[in-house]
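The following blocks contain the structures, represented as structure tokens.
You will see chain A twice below: alongside chain B first, and alongside chain C after that.
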Partner chain A sequence: MLTTKLAKFCLSIAAVLTIPAFSNAQQMESHIGNLNGHSDAGKQLYFRYCWGCHGFRGDGDGENGPYLNILPRNFVAATFKCRSTPTGNLPTDEDLYNSLVRGLNNSNMPSWIALSSQQRADLVAFIKTFSPRWKNEKASDTIAVPAETPVTVESIKHGQELFQKLECWKCHGQEGRGDGPSAATLTDSNDQPIRPYNFTAGSRFKCGATNQDLYKIFMTGLDGTPMPSFADVIKPNDAWDLVHFLRTLQVAHNSPELTLWKSTKEGAEQVASKTVHGTPTGSGIK
Partner chain B sequence: MYERWPHTVKKRIVWAASTFGLGILLLAIVLGDTRSVNASPLPTAGVRALPAFARKYGMPCSSCHEVWPKLSPFGQSFKDNGYQMMNDRDAPIFQQPAYWPVTFRITPIWHRESTNKIAVDNPAGPVGNQMEAQVTTHGFDWTGLDFHTAGTLAKNISFYVLPSSDNTGAFHFESVWARFDNLLGSSWLNVKVGKFELDNLLSEKRILTLSTNGGLYQNYHFQPIGENTGIFRFGLGDNQDGVEVMGHSKDDRTRYSVSLLSSNDGQPGLPSSRGYNTFVTASRAFQAGSFGVQRVGAFGYFGQAPTYFQYNQTAVTVVGQDINGNNVTSTATNPVLGTGVGNKGFYRVGFIGMWYVKKLDVTTMYFHGSDSAFLGTNTPANSPTGLPIGAQAPTWNGGLFETHYNLNPQLVLFNRYELIRMSQQAFGPNSANPSPSNLGNIDALTFGYRYYPFISSRAGFAFHNEFAVVRQRGVSPVNSLDVTGSSLLVGFDFAF
Partner chain C sequence: MAMKQGFIAGLAALVASAVMYAGPSGGTISGKVTYEGTPAKQKPIDMSKEASCAKQHATPLTTETVVTGPNNALENVVVYISAGAPDDPAPPSQPAKFDQKGCQYIPHVLALQVNQTLEIANDDQTSHNIHPLPKTNREWNKSQPPGTPPFSEKYDKPEFIPVKCNIHPWMHGNFAVLKNSHYAVTQGEGGFTLPNLPPGKYTISAWHESYGDQSQEVTISGSETKTVNFVFKAKPY
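Our next item is the complex of A and B:
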């Protein structure tokens, strides 16, 4: 009996020493510009930095998963919010890489910019080993992001009309506070409640901070969330108008769109009505 | 089962004891009866690894620490951001109300300390006659206790309070500071006020070694032999009181900091003088292919220290009465604290490189120090006779070579060699009583391993085994011979 227990103990020590061996054995690579990532190297990094949330099997069931109010990404399902590919498709290696660089704002996913670019590329390669989708599905083309149209008052007003017409307000609210009539009922693909983005409180989006990022968000949709793709609904120029209007909802973030909008009487009144004065909260935003 | 129980327990005890002793034996066999010296208590400076942060952000220790307490580049970035992930969820408002940012750390140990030349009474001589003897002791013990409380008060306002005790339970404040992060919306401008660790790339507070002889960086604390540490005490590894302006690039590749510090080596209550010191450091990291992120940097500490006290205070106290009923008094003259004057300068400068070759990392450091001849010879600046003949500024050079091999996030092998060489003694060749040129030179070697049986985001635990040996030239108390001290330590280092 003692021998058996000793053997078990030795085996457990050996297992702990080789934790990375828990991972999927298949090999993957990633290609981001001139970088070539390798899953073998990424495995070491994953089991140093990522497993606490994303789990040993990459299914988002890490030891901290139950305590996070936005569940960690399930790499086995391979459904990703931040993509440059059409809805339903896998993201590109560069999309995953950019998520590592940027982090996902308002979630527990931090920026991993402190790692080297090679390390991030290796991590991307390893993340792809968790799902057979990466082997079975053909890589999709990225959506085209045409040149941004000029920011004008007319563009902003047209974007405002689209905001009503496309019923963005149902989730995001008329003032963009994320408090539309449907907001309380929304759930993500994990059946977890999910809150629409509050434009008035934030300056960054989950999938980036630039106008191009915002354009991509509603042209690709955020897979796994109720945010759909509008690629088949609006034309590129209209999409840019919508971008310009959405920027004016971000009253805490100075942007050319907001500045222009505030220069009009109508815009100034709207912005003033959205701005909250008073004691700042811990978030330092309101 | 009932009959077998005592036998099983016995075997388990034997097995556990054998396992525990294995680390000791391995080193003891290799090293034999190495001779050593310093009988000072175990290092008690707060060493840092905060499961409180792991609990707050739900990340394993290995994210921020290559092996705790040593920071990874990601952990360094987190620290430089004011203990923030910068994902707009750093403020306490986003934590559960019950979250309390506290961590404690302590290490039960077995250790063996040996010093080859300690002054002891000579049993063959008259009373007061001393000789030198080797003193070796060993046994079970424990280190000091650290209570770390740190985090954010609000977005971009960070804090750190660290009450730390020695192993008798006597507490002091190792760190007390508040930091304003990302001022003007820029990561290049952060201001910290209070008592804090200098922005040393090679952090002594995150040192991997724990033993009496190995638990500190010799270069950070060296002062030439003969200096009066009562009025001038300084250690680059000591936390200092002041204000620090620090900045870094978004990816933390480029860093700088400038500090204005009170010249009292971090002691509370302004006990020494009204002088101020300056510490500056800058570093730049770069990527070297698949090897990882390499970093090089430089630092300089430029200070002044008093050479005498402007005022003294004589106190007469009644200690009893004689047979005639008259008071018997005792007279003591002490300096008035804070009135140290006659400041003279000193400086420490150095270069550091942190080199990563995949699982192996090597830290190299060049160190140079110099103190004013007044400080080196304990001469008050107002001395009517001036400096002694032949007095000169004590100057020295030092080096450090430290390697870590991270077999995986749970096992690290470490090794460090330090040396300090005097290039100029305070009492030079022209002095009436010149010092030997190698007086005070130090060689220090430390090696060992740390094994982390589990890694989680809740608590930290490490099995620690270490051996350290330090030799200092010409400092034995009776015969001025070389003194060698060694430490062997086995411990269970844990934090929660």
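Our next item is the complex of A and C:
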């Protein structure tokens, strides 16, 4: 009699102890090349390095959040800017990993290059525990980036036509200064004002510095911002032409595209009109 | 676990289909949506930055946050069965169409069902980007230059989703993604009719983008027609 009571009591204790442990055990893994990340290890890192901005619940509501210009990512909503997947889809593990390596330019997200690659992989795994979308949604196909076409003057000129036709200038401005007619009204999905990228200013792109990254930026769109996806409306060859033209807008970067463009009369005039002489403080102005 | 969920889902589908086969005839809920008080005055939209759209409107278009009809009728209210009716096992096969014409969304409020095809078209001579801002569904943002064919999307969870175009900041619209086919969006006179309701107890809800939502309980027996009216308090700002 007593033993059955005791047994029942032990069972109920066991039940109480195991249930919360069970419901908390939201395990996730990440796979980046040879790296396998584990959320348990990532959790320790998250609550050391990340939660100050991204918050205890991963909803971007950390202590520092209100002081930041672009609000920290909300991992519960799981809407990410830098992806290789079509708009509306979750990024790949590698996309998240690369964002950690790179940091996000023009925001408060630094590069986490100081962590080991294993630690970054673990963090990616832990970030995926915040939203059920990682469990419920099938991994989507990535946007294919075909081999780059040769950089030619014709390609740049065609890219310039596309810049007009697709109305990139409505936000980014005719000269790529980020001052188009709609620029002042733009807000991101957190209702915060957001500036379109200024090509002439000299900062890097948010989602990577290579031509392939640039290709992906306008094909995938930057979810959570006004930058839409053009995947359904630009053919791959046209997309490369647009990439080549966009490079010539970055007058502060010496790219092969810019060098070629400057060698033409038309290009040289355009670049000269855009190049900034001197500094904001006035030194070096001729 | 997955098997159990599958079993429950299957059971739910069976029950749902059994209820559906009660027959197309049934009770009807009809009524009118009105407002009391003074609604905010709608402001004219300055489309001078987009000449191709501005010339389509002889008189400037106004904002559409509150659209009213005669006798205090309130337009663009989604009236739907929020509880009591089973979720539709399959969405209707015809797409819900959303058009961009004259830098305006037509309709301003589009009601559709979960997983129903949403077809978005651009009839303008300018690029639009369609940027719905859901909280529980997936957020996407697509560019649609002039002359490109309509594209299709879907939402898999019920939600009221504001829609905007970042290029033309005055463009605002709404998607109402609903769980079943018993819904109506009020037009000019503010009236609505929800037919073919099997006998039962229902919660009928009305949603307006500026005035929020309200609900009432209705019990339908046989093929009777019940009248339910909604009155929203208008805000002058």
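In the analysis below, the second predicted complex is superposed on the first by the 253 of 286 C-alpha atoms of A that agree within 3 Å, B and C clash if a C-alpha of one lies under 4 Å from a C-alpha of the other, contacts with A are read in each partner's own complex, and residues count from 1 in each chain.
Going forward, a contact is a pair of C-beta atoms (placed from the backbone, for glycine too) under 8 Å apart; a residue touches a chain by one contact, two chains touch by 3 or more.
Values in this document were obtained by computation on a predicted structure and should not be read as measured data.
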Review point. If you count the residues of chain A that each partner touches, which comes out higher, chain B or chain C?
Key: B
Exercise for review: Determine, under the contact definition given at the top, whether A:Ala41 touches first (chain B), second (chain C), both, or neither.
Suggested key: first
Practice item. Kindly classify A:Thr79 by the partners it touches after superposition: chain B alone (first), chain C alone (second), both, or neither? Key: second
Check your understanding: A:Lys135 contacts which: chain B (first), chain C (second), both, neither?
Key -> neither
Practice item. Kindly classify A:Cys53 by the partners it touches after superposition: chain B alone (first), chain C alone (second), both, or neither? Key: first
Exercise for review: Under the touch definition given earlier, write down the residues of chain B that touch chain A in their complex.
Suggested key: 8, 11-12, 15, 54, 57-60, 62-63, 72-74, 76-78, 85-89, 91-94, 154-156, 250-252, 287, 289-290, 292-293, 407-411, 453-454, 456-458
Revision key, fill the gap. Given the complex, residues on chain C that touch chain A span 49, 126-127, 129-131, 133, 135, 138-145, 148, 151, 153, 166-169
Revision key, fill the gap. Given the complex, residues on chain A that touch chain C span 77, 79, 86-89, 133, 165-167, 170-171, 181-182, 185-186, 189, 221, 223-230, 232-233
Review point. Along chain A, where are the residues that touch chain B in the complex?
Key: 1-2, 6, 16-20, 41, 44, 47-49, 51-53, 63-64, 67-68, 103-119, 202, 204, 280-285
